[in-house]
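What follows are several structures.
Two complexes are shown next, each including subunit A; its partner changes from subunit B in the first to subunit C in the second.
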Partner chain A sequence: MPKAKLGIYWAAACGGCDCSILEINEQILDVAAGAEILLWPCAADAKYEDLRNYRNGEIDIVLFNGAIRTEENREIAELIRAKAKYLVAYGSCAHTGGVIGLANLSERDRIFETVYGPRERWPRTESSLDGCVLRLPAFRTQLTPLSEAVDVDFTVPGCPPPREIVRELLTAVLSGDLPPRGTVFASSKNLCEECPRERTHERIGRILRPHEAEPDPEKCLLDQGFVCMGPATRGGCGAVCPAANMPCTGCAGPTADVPDQGAAMLNTLASLVGAGEEGETTMADEDAVLMQIEDIIGTFYRFGAATSILGRRYRERANPTDLD
Partner chain B sequence: MNERIRQISIDPITRLEGHGRIEIFLDEDGGLADAFFQIPELRGFEEFCRGRLGEDMPQITERICGVCPEAHHYASVKALDACYGAAPPPRARALRELLYNAYTFSDHLLHFYYLGGPDFLVGPYAPPQERNILGVVGKVGLELGKDVIRHRGYGQRIIEIIGGRPIHPVTGLPGGQSKGITAEERDEIRSMAASAVEFATATLEIFHRALLADETYHRFVSGSAHVLPLYSMGLVDAEGAVSFYDGDVRIVAPDGAEYARVAAADVLSLIEERTEPWTYVKIPYLKDVGWKGFAAGPDSGVYRVGPLARLNVCRQIGTPRAQAEYERYLDFFGGGPVHATFAYHWARLIEMLSAAERVATLADDDVLMSGPLRSPLGAPGRGVGVIEAARGVLIHDYDLDPRGRVRSANLIVATTHNVAAISLSIKEMAKEVVRDGRVDPELLNLVEMSFRNYDPCLACATHALPGEMPLVIDVRGPDGRVQERIER
Partner chain C sequence: MSDRTDRFEPKIVAFLCRWCSYAGADLAGVSRLSYPPNVIPIRVNCSGRVTAGIVLRALERGADGVLIGGCHPGDCHYVSGNYKARRRIALLRRALEESGIDPRRVRLEWISASEGMKFQRTIAAFTDEIRTVGRSPVPETTAEVGADAEG
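Here is the complex of A and B:
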């Protein structure tokens, strides 16, 4: 069997996805034996010039992590799409925009002001120093996931994707036995299905933040009042965060049947809060419980602000200047 | 590429974390006109961290860097300890330090075998498709290759046991840790640690055999061409030993004289930063020495951080095997401070051994197994957390509002400190490889080797506001309402 031609690329990313590939430990040697790596900036020396020189469709499969933040990210994504038979949106940033999608709540100019100060100090897309002309890729007004820039064949959720799922993906790549286009490498069910904690669907009378109380290690975190994103989040990781006594933060994105992760979570929470007897008289008290959630966006859309159906509508409300 | 050329791009630079490129310009006589180290990325953490919940910051800011998330996680957690006025109880502190030293071990291992080391282990002029970990495995043999992979896995496994996940850990909380470890897990850590100490020792033997005895490396590390007499900055403990998790900031001048020793939180007052229109990263320097352009020497405020700098600011390493190797290192250079840029590789491996020794010692301490995991918290406020990331001093500085939400977050990140020095190193090497208007493409890797010394993390580097203390001015109207808020 000919060696699979593999590419691994990062756009706007942290490098955690690249490292997650190393988490398969000794299996990386099988990858070395069974695949030829044509592109992997983190670990190998192919350059953009090499990428441009590959024939269209020459690379069998590219694992693409990171979101589309700069014009360079978009250009390289298009180039890779042309060169790759299969393209994988690998990890949260490529899948749903990731944590860095939270930047979509701010205007581009505001981001630059915060980072660089007054406008005259901002980096420029073109500048000249003693006749040396230097260019920087433009920072796009909005961050987008990979699928909004180019067609994507497979998705691997997670920040970063968990070890067993990476193994599954690479085994498929090496054998050439790929699943149908559109496959998501994760559980089709939510995280609660694989969580070791016992859920009793208790009514929540008070929202607790992780530093405010030590949770019972056996009981469901939601039952105890901690906002655990498990019910609205795709499983596949083995519920490692709840197992470590911390709530799920939703890195794997929404489950297959739900379009918006935050809305699904709000819906779940709204049905769980209780302030005594049921009925209209207690609705205001129940609202008060929900209002204890101090950072709606950062809690419900930690990894999905860029792909939320709420889109830009939250921008004004989330502007930190009204934090008084 | 042998025709006369005016500009050479290395794009992207590879075997590092994040996006970077190098632009080399030639003058009319075919010599080097200038060389630029550009960072073409920005994500904007400083902006979207505002408004988040303080306790979420360890898990948000670690997404700045997936190679060193542990550094951001614990710089953040330490900042939160300070915000809430809550030092972690001894058990939580020991768990954190244990995880942290495992991270330092694993991260330094990654650089030597996967990122920077292949240039020497495989060879600087080897075909580009072989200069990587797989080439290293081919060169050193499958058995040792498996050892490399296994021991990186050990470091990651310790992080997973204590941090809940091998990448992007979750267990750090203001004033403590969310969970302990079981007796079985502790036994597992102990046996991995013992093996890691031996592996780190063996790695130094490889360093002596394959690098120090190698003609190219020997020339780079002991010649005069790649020596930058710069200020050095790093953390030291009360005994003046290298300290990864906690300590004071010590800065020494190029001649080794102490320039400053301050509580970590006060380092912000010593640094100023500048922007350049051609890069998304900002460039810090020592304020009182001043910015004299990209220049070395005692009058230039450019300084370095990371393994080389840490070994320049410490008086000792703090663990026996690494101390012995440190003395060998000092003997080689005829005493410190060491300014040979290629000595970063050696310094890194000395630290890798020291980190492994510390993991072994910490794992033996029974404090890990009993006592509270959390301290009671005070009211939220301002707090600074400082830590030695593998690549150098990392500072998180938060201001929390009364409900524990982030009003401002100020991050001073390891690689950012080194940006000016990296630029100098690249230019120095470019001068060497540009000859009569010609550049042999094989030699371009030497230019990349000059930045790989620093193990730069460019995703980290673009997220910093060095020297800018958070400042918020509310302009209020006669009715007392805020009309305008000025922040920097």
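Here is the complex of A and C:
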């Protein structure tokens, strides 16, 4: 059997996705034996020139992690799309924009100001010194997931993708037995379906953040007042965070056919707070509970800001986060 | 005349519950009460059916304002839908605020089937308010997201 030609690329990413490939432990030896790695900037030396020299469709499959933040990210995404038969959005940032999608809540100038300080230190797309011109890729006005730059064939959610799913993907890559295009390597149901905790359907009377109390390890975290994103999040990871007594933060994105994960969670939580219909709480009580949720975007849209209208920088004020 | 044509006419989507607010809108109609033509009424079974995602979708597709009309507290045909809607819209307005979209664009009102007058007043007041708030910051064309206009 011919070796599978594999590429792994990182765009705007932290590097965790590349590490997650090694999480398959000794199976990485099968990958080394069964695949020819044509591109992996994190682990192998290759230049963009090499990538340009491949024929269109020459690489069998590319696992693309990271979001589209700079013009370089977009350009390489388009190049990879042309060179690869299959393109995988690998990890939260490629899938939904990820944690770094929260940067969309700030204007680019504000981001530069925070990172680089005064304007004269900001990176320039073109600068010259001694007659030489240095060009840097532009920082785009907002961050987008991979699927907004190019067509994506498969999606592997997670921050980072969990081991069993990485195994499943790489096994499919090595055997050449790939599922139909459009497949998401995860469950089609939400996280609660695979969470071992017991639901008691209690009303939430107080919102708790993870550092404020030790959760009961058996009971549903939402029932205890912790904002657990499970109901609005795609399963497939085996509920590892709730199993470690931490609420789900929603890294796997929304379940199938739900466009806006944060909005789905917001609905869920609003329904669980208070008990207006029984007349046990007043609207003022309910509002007091709702006000205990701090940082709504950061909680409900931790990984999905870049895919929601709320993180698309439609601004009536330049930097809403300055309000405090 | 140019004053009238240049005036910003907001697009308002109103999700009205069929048991109270939609009937209230009907009453406004049969009572020949006039109200601004900016509102596009959409009948839903309950204000509790209007999820945050539906409101965001309306804003994303170009609505300048979204009104949700439900039964008065205690009157919900499905017992508690309007309470759920209230909590949901309260949270959603905070989310809008945090992300830089004016929360006044989303409003929840209790309008009963007998309150044709209140429907009229609400639409007039909301249209005026949205006119003050201004055009939706969501662009009408779907240009490539993130591309830099300045080059």
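Assume the second predicted complex is superposed on the first by the 302 of 324 C-alpha atoms of A that agree within 3 Å, B and C clash if a C-alpha of one lies under 4 Å from a C-alpha of the other, contacts with A are read in each partner's own complex, and residues count from 1 in each chain.
Throughout what follows, contacts are C-beta pairs under 8 Å (C-beta built on N, C-alpha and C of every residue); 3 or more make two chains touch, one makes a residue touch a chain.
In this text, all values refer to a predicted model and were calculated from it rather than measured experimentally.
The larger set of touched subunit A residues comes from B, when the choice is between subunit B and subunit C.
Look at A:Arg124: by the touch rule set out above, it reaches subunit B but stays clear of subunit C. Residue contacts after overlaying the shared chain place A:Tyr116 against subunit B, while subunit C stays out of touching range. Residue contacts after overlaying the shared chain place A:Arg163 against subunit B, while subunit C stays out of touching range. When the shared chain is aligned, subunit B comes close enough to touch A:Ala12, but subunit C does not.
Of the two partner chains placed by the overlay, only subunit C lies in contact with A:Ala138; subunit B stays clear of it. Of the two partner chains, subunit C is the only one touched by A:Gly274; subunit B is not.
By the document's definition of touching, of the two partners only subunit C reaches A:Asp287; subunit B does not.
In the superposed pair of complexes, A:Ala256 makes contact with neither subunit B nor subunit C.
Using the contact criterion defined above for the overlaid structures, shared-chain residue A:Phe300 touches subunit C, although it does not reach subunit B.
Overlap of the subunit B and subunit C contact sets on subunit A: residues 105, 295, 297, 318, 320-321, 323.
Here subunit A touches subunit B in the complex through residues 10, 12-20, 22-23, 25-26, 28-29, 32, 37, 40-49, 69-70, 72, 98-100, 102-103, 105-106, 110-111, 114-117, 121-124, 127, 129-132, 134, 136-137, 139, 159-160, 163, 209-211, 214, 217, 240-241, 243-246, 249, 294-295, 297-299, 302, 318, 320-321, 323-324, going by the rule given at the top.
Across the complex, subunit B meets subunit A through its residues 7, 10-12, 14-19, 23, 25, 33-34, 36, 38, 40-48, 50-53, 55-56, 59-60, 63-67, 69, 80, 84, 110, 114-115, 128-129, 131-134, 137, 142, 145-146, 149-150, 152-153, 156, 163-168, 170-171, 173-175, 178-179, 275-280, 282, 373-374, 377, 401, 403-405, 407, 445, 457, 459, 465, 468, 482, 485, 487-488.
Residues 51-53, 56-57, 59-60, 73, 79-80, 83-84, 86-88, 90-92, 94-102, 133-134, 136-139, 145-149 of subunit C touch subunit A in their complex. Partner subunit C is touched in their complex by these residues of subunit A: 68, 105, 138, 140-144, 148, 258-260, 262-264, 266-267, 269-271, 273-274, 276-277, 283, 286-287, 290, 293, 295-297, 300, 308-321, 323.
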